[in-house]
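Same chain, two partners: subunit A is paired with subunit B first, then with subunit C.
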Partner chain A sequence: MHALVQGVILGVLTGGVYALMASGQTLIFGIMKVVNLAQGAMVIMGAYLAYQLFVSFGLDPFLAIPITTVVMFGLGVAVQLLFLRPLRRDDKSELSLLVTFAVALLLEGIMSVTWSTTYRSINTSYANSSWTVLGYQITAVRVWAFALSLLALGLLFLLLNRTRFGRAVRATVQNPESARLLGIESDRVAALGFGLGAATAAAAGSVYGLLYPFYSGSHYDLISRLLSIVVLGGLGSVGGAVVAGVIVATSSAVVAATVSPAWSEMTFFAVLILVLLVRPQGLFGTVGRGAI
Partner chain B sequence: MSGSNRLRMRRAALVAVATLSLISACSSSPSSTASGGTGAASADAKPLVIGASVSLTGDFADPGKAVKAGYELWADQVNAKGGILGRKVELKIVDDTSSPTQVVTNYQNLINQDKVDLVFGPFSSLLTVPASQVAKRYGYAFLEPAGGGPAVFAQKLDNLFFVQPAPVVKSGDIFADWILSLPAADRPKTAAYAELDDPFSAPIAESIRARFEAAGITTVYKEVYPAETQDFSPIMSKVAAANPDVLVSGTQSEDAYAQVKSLVQLKFSPKFMFMSNGANSPVEFPSKVGTANTAGIMSAGDWFPGSTATGAADFAAAYIKAYGGTADTIDNSSAEAYAAGQLLEEVAAKTGKIDNATIISTLHQGTWPTVLGDLKWDSIGQPEGAFHLVQWQNGSLVPVYPTAIAKAPAMYPKPSWGG
Partner chain C sequence: MTAILSLTGVVAGYGAGDILKGVDLTIEKGTITCLIGPNGAGKSTVLKTVSGLLHPREGTVVFDGDEISRLSPKARVQRGIVHVPQERSLFPGMTVTDNLLLGGYLIRDAAVVRSRLEQAWEAFPICRSRAGERAGSLSGGEQKQVELARTLILDPTLILLDEPSIGLDPRSRGIVFESIRTLSASGRTVLLVEQNARSGLAASDFGAVLESGRVRLEATGASLLDDPEVARLYLGAGASAAPSATPPLLAHDDEGMRR
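This part shows the complex of A and B:
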C-alpha cells in the first residue's frame, strides 16, 4: 500500500511535466495537422539551453525559462517558415512527418557536436532535497516541476481562450477554410502556433533536465512517449494531452512500484490499446471538426 | 504524381539527405594517427606498425577516445625510450563509428591492405567479438583492453588476451571477498540487489549474491530493471522498505547516479553499499550525486591514482603532461589501453622477438606486471586476477582491499547521506 501511494505521488507529479511537453505537440497538430516528430528533440534542446545557462551563469533552470522559451519560440517559427510552409497543402501531413523527422535529426546533430554525447544533468542545490509528509517522501524538485507545468499550462489556456490570437488558433483548428474566409491569416497562425509549441518544449525541457539525465539521443525515447500521450488524449486536444500525460506517468510509476519496472511501459501500451478500441479518436478527440 | 509535386517531394528528400550528411560531416572525422615520437630508434630499422580500430564517433565515442589516448601515450613513451627492439612504434588508428560491421571492415583493411605488424583491440565487448574473429583468421595476437563480457570468452579464442584483472562478471567478487573477511558480528545479515538488465551489470551483482547467499546473508529484495528505466524512486522505495544491511547495485553509469539520488531523496542509507560501475568514475560520480553523498560507497577498479604497480607513476605523470588534468581525472580505459602496450614491451624484452606467434605463446605463460597490477590469463584469454575494492573517502576514491594494496582501511558502516 505504501509503495502504491508513493507510486501515485510520483506519477502525478511526473505526469504534469509530460502534459506540458505533449500540449505543444498536440497544439501543433491541431493547428496544422502536422505530427511534429521534432518535439522530443526540442525538449532536449530546451534542456541543453537551461543546462548551459546554469553551468555558465549559475542561472536557475526555472529562472532560465523566460529566456529559453523565447529562443525556442524563434526556432519554432523559423522551422515552420523554412521547412513546413513550402509543403503543399494536400500532402502536407505525410511530408511533414519526413520533414519534422529531419529537423529532429538536425537538432540531434547540432546538440551532439555542441555538447558531445555524454549524459548531462542539471544539479541544483535543491536537486536531492525532499520533504517527509505522513511517511511519504515528496521530492522538492518534482513539486516545483509540477507547479511550473501547471503554471505554463494555465498560461497556455489563457492565451488560447482569452486572446485574439487564441481565438484565431481555435478557429483555424475547428475549420481552417472558414477561418481563412473570415480573414484569419492561416500562415501566420501556423508559424506562431509552431513557435508556441516549441516554447512549451523549452519550458518542459528546463524541467526535464532537472529531473532526468539527458543526451542528444534522448529525444527518441521521449517522442515515442509523447506521441502515445497525444494519441491517447485525442490528437489536437490540449486538455486530453494533460489528462493522458497524468494517466501515462501514473500508470507507469504505479506498476514500477508494485509489480516491476520491466512491466511499466507495457502496461501503458495496454491501456492505450484498450482506450483506442473503445474510442478510436482518443479520450478527448473529436471525429469531425477539430477541437482544442 | 504531378511535376510540381515531384519537385516538392524531391525538395523534402533533399532536406532530409542534406540534414543527414550535415550531421555525419559534423560528427565523423576518421583519423589515422602516426605517433610522433622522437626516440633513438635506428633510422634504418623498419617501424613496428600497430593498427587499432577505436570508436571516435557514435555511442562509444567518449570511452573510445580514452582508449586512443592510452595507446598514443604508450607509443610516445616507448618511442622516447628507443622503440621496441630498436623499431619505432607507429600507430594506425581508425574510427569504427561504434559499429560492429565497420569494425570488421577496419581490421580487415588494417591487416590486408595496410599490412600492419600487430593489432590492438577496440572499445566494448560488442565490437571486440567480431574484431577478434578477424584477428584470429589471420593469426594476429589480439590484446584488447575493453572487451570483457561473457560473449568474448564464449568464442574460446587462443589469440585473445583481455587486458584487465578479471572478466567483467567477476569484477565485483572483491566486494564479496571483503565482506566475508569481516568478523561475523560485523557482517551484514540482509541484502538487497538492484540490477540493470545488461550483460555487463546484472551478472556482477548475481555473482556477489551467490557468494552472499552461500554465506547465509538473506536476500530481502531483488529487482532487475530495464535499460530504459528513468525513475528509480519506485525501486529505491522498495529497497528502503525492505531495509537491507547491504545494497548491491549492478549498475552502468547514469543508473548508478539516479539510484544514489533517489536514496538521498528517500533518506535511506544502508550500512554497506556497492555499485559495480558508475561509482568508480572519479569525476562524473561526485559531480552527479554531490561529493558529500559519495562517502562510504564502494566500487571496483583496476588502475587508481597513486598506484604502485609497474609503470603506474610514469603513466600518470605522462598522462597529465600530455592531456592535462590531475591523476584523479585519468580514465581507467586509458590505463587499460596503455597496459596492452606495456605487455608488448615485456614480451619483446623477454623473448627478443616481436611477432604475433611469439606474443600469443608467450603471454599464455607466467604473470605480467602492468599499470593495472600483475596480469595472467587462462587458455581462452580470461584474466585470472581480481579487481581492487575502492571506496569513496573524503571526496576521493581510495583502494581499501586487498590489504596489500590498500591506502586506507575500509570505512564501515557507511555514513548517512551528506557526510
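This part shows the complex of A and C:
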C-alpha cells in the first residue's frame, strides 16, 4: 500500500510536467493538423538552453524560463514560416510529418555539435532535497516542477480563453474556414500557435532538465510518450493532454513502484491501447472538428 | 438603383478545374438577390469568390466601386462583406456569446462590439436566452439564427448566405427567411444561394439562374417565380419537376427579365 501511494504521488507530480510538454504538441495539431515530431527535440533544446544559462551565469532553471520560452517561441515561429507554411500554401500538408521529423533531426544535430552527446544534468542546490510527509518521501524539485507546470498551464489556459489571440486560436481549431470568414488570418495564427507550442516545450524543457539527465538523442524516448499522451487525451484537446499526462505518468509510476520498473515504460502504451479500444477519438477528442 | 457588387467574366474553381466559366452578375444596393440553379452550377463558388475564399483566375469582382478580386478574406470583411457558409459555421465548443463576439474580431473598440451585441440580442432573442450555452448544443434552426446574429456584430454592407434553410424544419425555415428580410430592411444587401428555390425567390427582390458556371438569366424574384420554364426546371412544378442532370439552356426573354 505504501508503495502504491508513493507511486501515485510521484506519478501525479511527473504527470504535470508531461502535461505541459504535450499541451504544446496538441495545440499545434489542433491549429494546423500537424503532428509535430520535433516537439521532443524542442523540449530537449529547452533543457539545454536552461542548462547553459545555469552553467554560464548560475541562473536557476526556473528563473531561466522567461528567457528560454522567448527564444524557443522565436524558433517555433521560424520553423513554421520556413518549413511548414510552404506546405500549406502548396496544399501538401501531409508531408508535414516528414518535415517535422527532419526538423527534429536538425535540432538533434545542432545540439550534438554544440553540447556533444554526453549526458548532462542540471544540479541545483535543491536537487537532492526532499520532505517526508506522513511517511512518504516527496522530492522538492518534483514539487517545484509540478507547481511550475501548473502555473504554465494556467497561463496557457488564460491566454486561450481570455485573450483575443486565444479566441482566434480556438476558432481556428474548431472551424478554420469559418474563422477565415470572420477575418482571422489562419497563417498568422498557425505561426504564432507553433511558436506557442515551442514556448511550452521550452518551459517543460527547463523542468525536464532538472528531473532527468538528458542528451541530444533523448527526444526519441520523449516523442513516443508525448504522442501517446496527445492521442490518449484527444488530438487537439489541451485539457485532454493534461488529463492524459497525469493518467499515464501515474499509471507508469504505480506499476514501477508495485510491479517492476521494467514494466513501467510499457504502461504508457498499454493505457493508450485500452482507452482507444473504447474511445477511438481519445478521452476529450471529437470525431469531426477539433476541440480545445 | 446603385450596384454594390459586380462580377464580370469571373472564372474560378478548385484544383485544375473551373467551376465558374465567365460569371457576369450585378447586385443592387439594399436588395435581396437569390441565386438558383442545379447542383454543381457554381452557386456556392460564386459566394466564395466574393468573400475571398477563392480568387478568380480571370475576371473581376468589384465591390462598392473598388476591385477586390485579389483581396484576402480579412480585407473583404473589413470592407463590410460577411459570408455565412452552407456548413454550420459556428464554433461548437464555444458559448453562443463567444461566437457572437468573434463576429467582431476585427473591431478593436470594445464599446462598439458591446453595443452591436445588444442589437444582435434584440434582433435574435435566442442569442440572449441561450447566451452561456455551447453553440454545438443548439438545434439547427437555433444555430442558423446565431449565425445570422453574428453577421450583425460587423454591421456589414453585403451579407452572403449559402443555403440558410438547408436541413431546417418548416418553422425554423420561416424564422430564417423572416430574419433575412429583417436584415435587408435595415439597408443591407443580401446575396442568397438557396436550393429551396421557391422560398428563396419569394423572399428576394431579384433572382439569377446559374447553370454550368454561367448566369443564364437575371430577373425580379417574382418574374422568375412566374416563369413556367424556370418553374419546370427549378421550382418543382409540373410532371417533370426534378431538374434534369443537364437542363436545357434558358434562352427566352420574358417581361421583367433583365437579360
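One rule holds in what follows: the second predicted complex is superposed on the first by the 286 of 292 C-alpha atoms of A that agree within 3 Å, B and C clash if a C-alpha of one lies under 4 Å from a C-alpha of the other, contacts with A are read in each partner's own complex, and residues count from 1 in each chain.
Please note the rule applied: a contact is a pair of C-beta atoms (placed from the backbone, for glycine too) under 8 Å apart; a residue touches a chain by one contact, two chains touch by 3 or more.
Keep in mind it's a predicted model, so treat the numbers as computed, not measured.
**Q** Where does A:Ala168 make contact in the superposed view: on subunit B (first), on subunit C (second), on both, or on neither?
**A** second
**Q** Just to be sure I read the superposition right, which of the two partners does A:Met111 touch: subunit B = first, subunit C = second, or both, or neither?
**A** In the superposed model, A:Met111 contacts neither subunit B nor subunit C.
**Q** After superposition on the shared chain, which partner residues are touched by A:Ala202: those of subunit B (first), subunit C (second), both, or neither?
**A** Neither partner.
**Q** Between subunit C and subunit B, which one touches more residues of subunit A when both complexes sit on the common chain A?
**A** B
**Q** Classify the contacts of A:Gln137 with the two partner chains as first (subunit B alone), second (subunit C alone), both, or neither.
**A** In the superposition, A:Gln137 contacts subunit B only.
**Q** Once the shared chain is lined up, is A:Glu265 touching subunit B (first), subunit C (second), both, or neither of them?
**A** Only subunit B is touched by A:Glu265; subunit C is not.
**Q** Looking at the overlay, does A:Gly183 come into contact with subunit B only (first), subunit C only (second), both, or neither?
**A** The second partner, subunit C, only.
**Q** Which subunit B residues qualify as touching subunit A in the complex?
**A** It is residues 4-5, 8-9, 11-13, 15-16, 19-20, 22-23, 26-27, 59, 61-62, 197, 223-226, 228-231, 233-235, 237-238, 241, 253-254, 257-258, 261, 264-267, 287-290, 293, 417 of subunit B that touch subunit A.
**Q** Help me check something: in the complex, which residues belonging to subunit A touch subunit B?
**A** Going by the criterion above, the answer is residues 2-3, 6-7, 10, 14, 83, 86-88, 91, 95, 98-99, 101-103, 105-106, 108-110, 112-113, 116-119, 121, 123, 127-130, 132, 137, 139, 212-213, 221, 253, 256-257, 260-262, 265.
**Q** What part of subunit A is in contact with subunit C in the complex they form?
**A** Checking each residue of subunit A against subunit C gives 164, 167-168, 170-171, 174-175, 177-185, 289, 291-292.
**Q** Under the definition above, what is the set of subunit C residues touching subunit A in their complex?
**A** Residue positions touching the partner: 51, 53, 72-74, 77-78, 82-85, 87, 89-94, 98, 101-103, 105-106, 150.
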